[in-house]
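First chain A sits with chain B, and in the next complex the same chain sits with chain C.
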Partner chain A sequence: MQYFLRRLAVFPLVMLGVSVFVFVAIRLVPGDAITAMLGTEGGMLTPAQREALAAYFGLDQNWAVQYLRWLGGLLTGDLGISVTYGQPVLDIILERFPLTLQLALMSMVVALAIGLPAGVFAATRAERPSDLIVRIFAMVGQSMPNFVVALLAIYILSVGFGVLPTMGRFIPFTQDPLGNLAQMILPAIALGTAFAAAVTRISRAAMLEILSEDYVRTARSQGFSQSYVIWRHALPNALIPVLTLSGVEFGYLLGGAVIVEQIFALPGLGRVVLDAILQRDYALVQGVVLFIAFNFLLVNLLVDLAYAAIDPRIRYGGRK
Partner chain B sequence: MTTMKTVTGAVALALSTAMVAPATAQTLNVAWSQDATGLDPHTQPGFATIRLLELMYEPLVRLDANLELQPAVAQSWEFSEDGTSLTFMLDPEAMFHDGTPVTSADVQASFERILDEATGAISRANYTSIVGIETPDEHTVVFRLDGPDAPILNGMASVNAAIVPASAIEAGTLDTEVVGSGPFTLTDRTPNANATLTTFDDWHGGDVAYDTIEISVLPDETAILAALRAGQADFALINDPLVATLVPQTDGLTLNSAPTLSYYVLQLNAAREPMDSLPLRQAISCAIDRQDILDAALLGEGDITGPLTSPAYRTDPSGLFCYEQDQDRARELLAEAGYADGFSATVIAATGEPPTASAIAQVIQSQLGEVGIELEIEMQELSVYIDRWLAADFDMAVALNGGRVDPYTMYNRYWTRDGNLQGVANYIDDTLDRLMIEGRAETDEAARREIFAEFESHLAEMAPWVWLFTGNTYTAQVDGVSGFESSPTGTLFGLVDVTLAE
Partner chain C sequence: MTLLSVRDLRVGFGKPGHETEVVHGVDLDVAAGETLAIVGESGSGKSVTAMSINRLVDYGGGRILGGAILLDGTIDIATAPEAALTGLRGREIGMIFQEPMTSLNPVLKVGTQIGEIFAKRHGLSGRAVRTAAIEALERVRIPDAARRLDQAPHQMSGGMLQRIMIAMALAGKPRLMIADEPTTALDVTTQAQILALLAEMQDETGMGLIFITHDIGVVAGIADRVAVMQKGHIVESGPLDDIIDRPQHPYTRHLLEAVPHFRWGSAARQDTVRRPETRSAQALSVEDLSVRFPVGGGFLRQAQGYVHAVDDISFDLLPGETLGIVGESGSGKSTTARAILDLVQPTGGRVSGADGHAVQMVFQNPNASLNPRMDVRTLLSEPIIAAGRRVDASALDRMRMLLHKVDLPEDSLTRYPHEFSGGQRQRICIARALMPEPKTLVLDEAVSALDVSVQARVLDLLVDLQRDFDLAYLFVSHDMAVVERIAHRIAVIYAGRIVEMGDARSVLSDPQHPYTQKLISAVPTIERRRVEFALDTEEVPSTLRPLGWQAPPQHWQDHGPDHRFVTGSGA
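Moving on, here comes the complex of A and B:
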């Protein structure tokens, strides 16, 4: 508990660091909202027009004033207004986040449902042909970029079978569960397969190590069946590296899957932040990045807590 | 085998019927890859934004697919004898989406807003000859000009000069709400994702044969192609020539294309050595094989052009200076300029904007290399490119510059002494300046054509830039969609004439 609280206390500090970093980084990128909106036509503006637009986009103040104003807003839960959407940044994030969260969850399910059994299977048949086949698939899966999987999936499933990408219209699960799943399954597969390969390799390696441990041999010698030993004794202990990997991956996915969202035209956080960067929508970039950072911290904390739940040997903060 | 196929087919059919929302015949599903960046018609010059807004807002006059002026909010118009006043009679039937009629007061308020520098309206530069706006009655507007300004009419035929309700200007809601007088109202929109437009029944321009346009933003154009093939989209805007060439190869899809007004050009910076030398610039012009670049970089999807790209003024460019590659002449001209052994320079181009920029730069590099000119290509992120372009910080630049219907509006920014972008063009002479001023004041069509033909020929010979070619604007549609006519401006306003098969 104490450990948990200590970790929580670090949150604001990290967030402050992230806020400064993203604030400066996006402003160091050449161009601003005016360049993004007008392109070379910007050369047609009179000085007075340029000033008026700078004031509209909030570019007329110096960085310190802009930053403090933004920080002040943050403390009261106001992330600012997006100039391209004409909406509060927080509203945009909350509108897009359910999609990103669902996509992350579904990809994790795909990845674990394929990766864990495959890894365990390969470990129990180490160095046999079936192990080799699984390893080759894992290799291919991990090296294939997810946009290739995505485009293949669109061509094969969409054109051939009528399983369709979203066309920019996301159907919430609560509104139409079937329609929602139909939209999300392709992106989830595209994202999940590469990660499934990683899970396969990690869980195979971890299982191999555990299977050679003394207590596994003891369990076997006591006459427990092979599958009981594997699922009851070995697997829980092999889960820790898988959990670490999944935690990092999940935190990463919560930041939005830019390329896959782009290809499937999913209006998730990845798309939002990409478009915001291209249009130099500073408030939106800052708000989304901060939100992503917060999620990442939170997921990591939960993963650490989950270690203790899985492995009783792990205790945080020492004994009282 | 046959059974297997039938089963698969049946499954596919079942899946597709289950997953496509029951399509009513009255909805047109449109896909494009870039979304509007804002809703204020006066401040947004972006191609994608204009495509959306011109379905909802109307200017006083509009250009049809042949670039002829047509009535929009205004029913008729005329210049005074001396050309210093321009009178518009508004269509009394014209009505905003909120049901209020469009009046002369709205026109006055709209133009006052555009001319007010505090608005930051990008098209203001086209209307600076306006010195007063009068509204003798509800349906009459008179613009007082500081002198004859023939191009102003074409300049007004843009959604950047849309007539908006005076009340919306006062309320300051133009960047969040759309109350136009155009054929469609904005029912719903999620930026960069989708938009729903509903036919405005009281539109004064006539009837639209369907009820709704559902627009989807699909950032990847290959995904747009897939959506068309899967029957999810009925109509799509395509930017990438490589994707466009795939459309006709698919059964059930039709590609519409029209040559654009915008032009690909190799800009030389005549303010920098050695590009300040006329024979050297001419040598570069002679060393270029335009057709070769067009074939290699755009798969031949375009037309070689001189400086004038508007159909009414465009002529066969083969008579212009060195439009046929002539390497011997290029070498002679180089020697005349004192660079018999060639020279080296850098050329800037923007990454992915247009998609063909880097390919164009590479072909030019190899062509100039053959006469001893060594080019170094600097590919730049778009914003960096724009900054350097506006500051004229380059030896040469590969550019895709926007075109206008009227040559004066298109080029006065570059080739007049006080043009806003004269500092980017970095070349001017008395002939160019004089011809532009004459072209602005001349109202007789034939006389204007003569003036601008001379302008074009002189510009090609002075070679401050090397004009290359125009590309095409593309739309794709599925069978069952008919009636759309492409326009060189790229407008989708032709969607009002579309009918959908059952």
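Moving on, here comes the complex of A and C:
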């Protein structure tokens, strides 16, 4: 518990560092928000109009003032106004995030549901043909870009089975759960395939090592069945590296998945980030990046808590 | 009827059809209530034989190529299907392993691991499981059993874990118990406890016991009958007294003669260097050495206490002399050795004679102490480079000379560590330590990882080198029989402090401090047969002390010209 609180205390420090970094980084990119917003029409603005716009968005101040203003806003939950959307940044994020979160969760479910059993299966049949097949699939799955998986999935469904994935307007889960799931399953598979392949490889490697551990031999000497030994004694020990990988991947997915969102026309966080960067929408970039960083920290903390839940050596500290 | 009879057992490893046979036609018999010891060195096939009896060998990549393993003369385990084997394991045949620290699942509570045996194998549920688990722990004399159930394995000592392992193996009420080197990883006093416990459990249950070991001293203490294994064959077997008093096979004789056995000081070295009349210069002198590790503190936070790993230790060493430091794990003997070389930072005290490269160290595990990517020449060059010197012709001459001294061929220089056996690798480590012409060698369990007969040869080599180079040795070991062979003087260390020190013969034959007496009485020897080891569950006290704790002063008492011990409460 004390450990948990100490970890929480570090949160603001990291967030502060990230905020400075993203604030400076986006301003180092050449170009400015007003030109980017108005495109070629920006050239027709008089200097006075340009200044008025800059003053409206607060871009006429020097960086230090801009930063402190932004920071002050952050503390009150005000992330600023997006230049491109003309909406508060927080509203944009909160509107897009549920979809991104759902997509990330579904991808992880896909990854763990396929990867974990596949990895365990391969490890128990190490160096036999079935192991080899799993390993080839994992290799292919990991090396194939997710848009290829997405296109393949669409192709197979539409050409092979005549079912077209439900695209077009996004259906929120709260409106029509089934429609929403039908719409999300393909993107989740597209994102989850490489993830699943990585989980397969890492759980296979971890299981292989653990199956030769002394305590697995002890469990066998007690006469427990193969499946009991594997699921009850070996797997919990193999979960740590799987958890580490899942945490990193999940945190990454929470930042949005640009290509897959584009292919399936999903209004997620990924496209917002891309647009914001292209448009030099400082407030939006800053807000989203900060939000992503916060998610990463939170996921990391949860992963650490999960470690402690799995392994008493972490819970009570190491051997004397 | 014999409980177990093994006939012409052959076991191999490798791809089906291309197995390399490692056990070549072994015959064994064990009756109920009887203890059969299988003795052999690493690679003799003794563990493979043991693992074949409950067919765990299948999971280690092995296959039974031929022969029969008959339980009650009816069930042939060698050909039984896996489904039948899971029924036999745990219920008919229990097993205890060498490493209690790694043989329990680290992520499951001890209570869960014992409980599941009662739940899964005996169909108990709910409170009955817990009650049964508490009874099982109490049976192996674990105090405070209910609290132990809720602990994780890493919170317990090795001896405690091995008792839990025994409790788990007994939970299935097996009629045959296989113990594969169950005490090798434990301290001698803990070993005595475990042997006592096994003997008592055997009396209680009438089970047959197969005891696998490399230590013929342990065999004498526990076995009814003995089978000696070498290179996959049983070269000799019979009743205990026949094997030890009238060995027929040369290998059995070799094991009995070449291997260091503890002889209560009568095998101690005669070439004493220390004479009252000669005051020669010291090679190494240690005064009031202390090492403490803070516990519970952190960044900007005061420590809550200190582990007093080493407290006010003083001794000196003369050229050509060996001081053996004996004690149990956690006593601080290795920390002492490391502090002398500044490998851990001493908290207090003075070490003189360790300047520059005057002290060199040889570690326990020769496999892990040699960088596998360096050839021997590079390995031997390192101490020269570390001393800031160039690897010139004279350095190369010294390499060749040292390789010759440690009995390795000269062409070793261009070879890599994996091309050598364990004993040869330790010789390389010794040669490397001697490269910068040290005055003192610190040998930390330097022969403990070696096979018993290799141990004897490396000890002989160390004695020769000591004479040739007039070296002082600080020999740290838990093995009394080994220390007896090499030490002129002995320091007994207990909970971070020396409690007895002096002439090896005097200390070993006439120990004065209660701890030394306990330590020596726990050492197995071939003279003592079928010993009733007292079941003493006392553990070494923790050296974790509160802030500001000061070690009480020690009161030393002389016992002969060079032998003194700590008396009274300072003990």
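Miscellaneous remarks
Keep in mind that, in the parts below, the second predicted complex is superposed on the first by the 297 of 320 C-alpha atoms of A that agree within 3 Å, B and C clash if a C-alpha of one lies under 4 Å from a C-alpha of the other, contacts with A are read in each partner's own complex, and residues count from 1 in each chain.
Here is the rule we go by: a contact is a pair of C-beta atoms (placed from the backbone, for glycine too) under 8 Å apart; a residue touches a chain by one contact, two chains touch by 3 or more.
What you see is a predicted model; the values in this text were computed from it and never measured.
In the superposition on chain A, contact is made by A:219 with chain C only, not with chain B.
Contacts of A:236 after superposition on the shared chain: chain C is touched, whereas chain B is not.
In the superposition on chain A, A:228 makes contact with chain C only, not with chain B. Once chain A of one complex is fitted onto chain A of the other, the partner contacts of A:182 are limited to chain B, with no touch recorded for chain C.
Look at A:151: by the touch rule set out above, it reaches chain B but stays clear of chain C.
Shared-chain residue A:263: touches chain B; no touch with chain C.
Touching more residues of chain A than its counterpart among chain B and chain C is B. When the two structures are aligned on the shared chain, A:56 is found in touch with chain B, with no touch to chain C. Within the complex formed with chain A, the residues of chain C that make contact are 54, 56, 59-60, 82, 85-91, 94-95, 97, 99, 102-109, 116-117, 120-121, 152, 154-155, 165, 168-169, 172.
Against chain B, in their complex, chain A makes its touches with residues 29-31, 35-46, 48-50, 52-53, 56, 83-86, 95, 151, 154-155, 158-165, 167-170, 178-179, 182, 262-265, 267, 271-272, 275, 279-280. Interface residues of chain B facing chain A in the complex, by the touch rule stated above, are 11-13, 15-16, 18-20, 29, 31, 37-39, 43-46, 117-122, 124-125, 175-176, 190-194, 214, 216-220, 222-223, 226-227, 229-230, 232-233, 381-384, 386-387, 389-390, 399, 401-402, 413, 420-421, 424. Contact residues on chain A toward chain C in their complex (touch as defined above): 211-215, 217-226, 228, 232-233, 236-237, 310-313, 315-316, 318-319.
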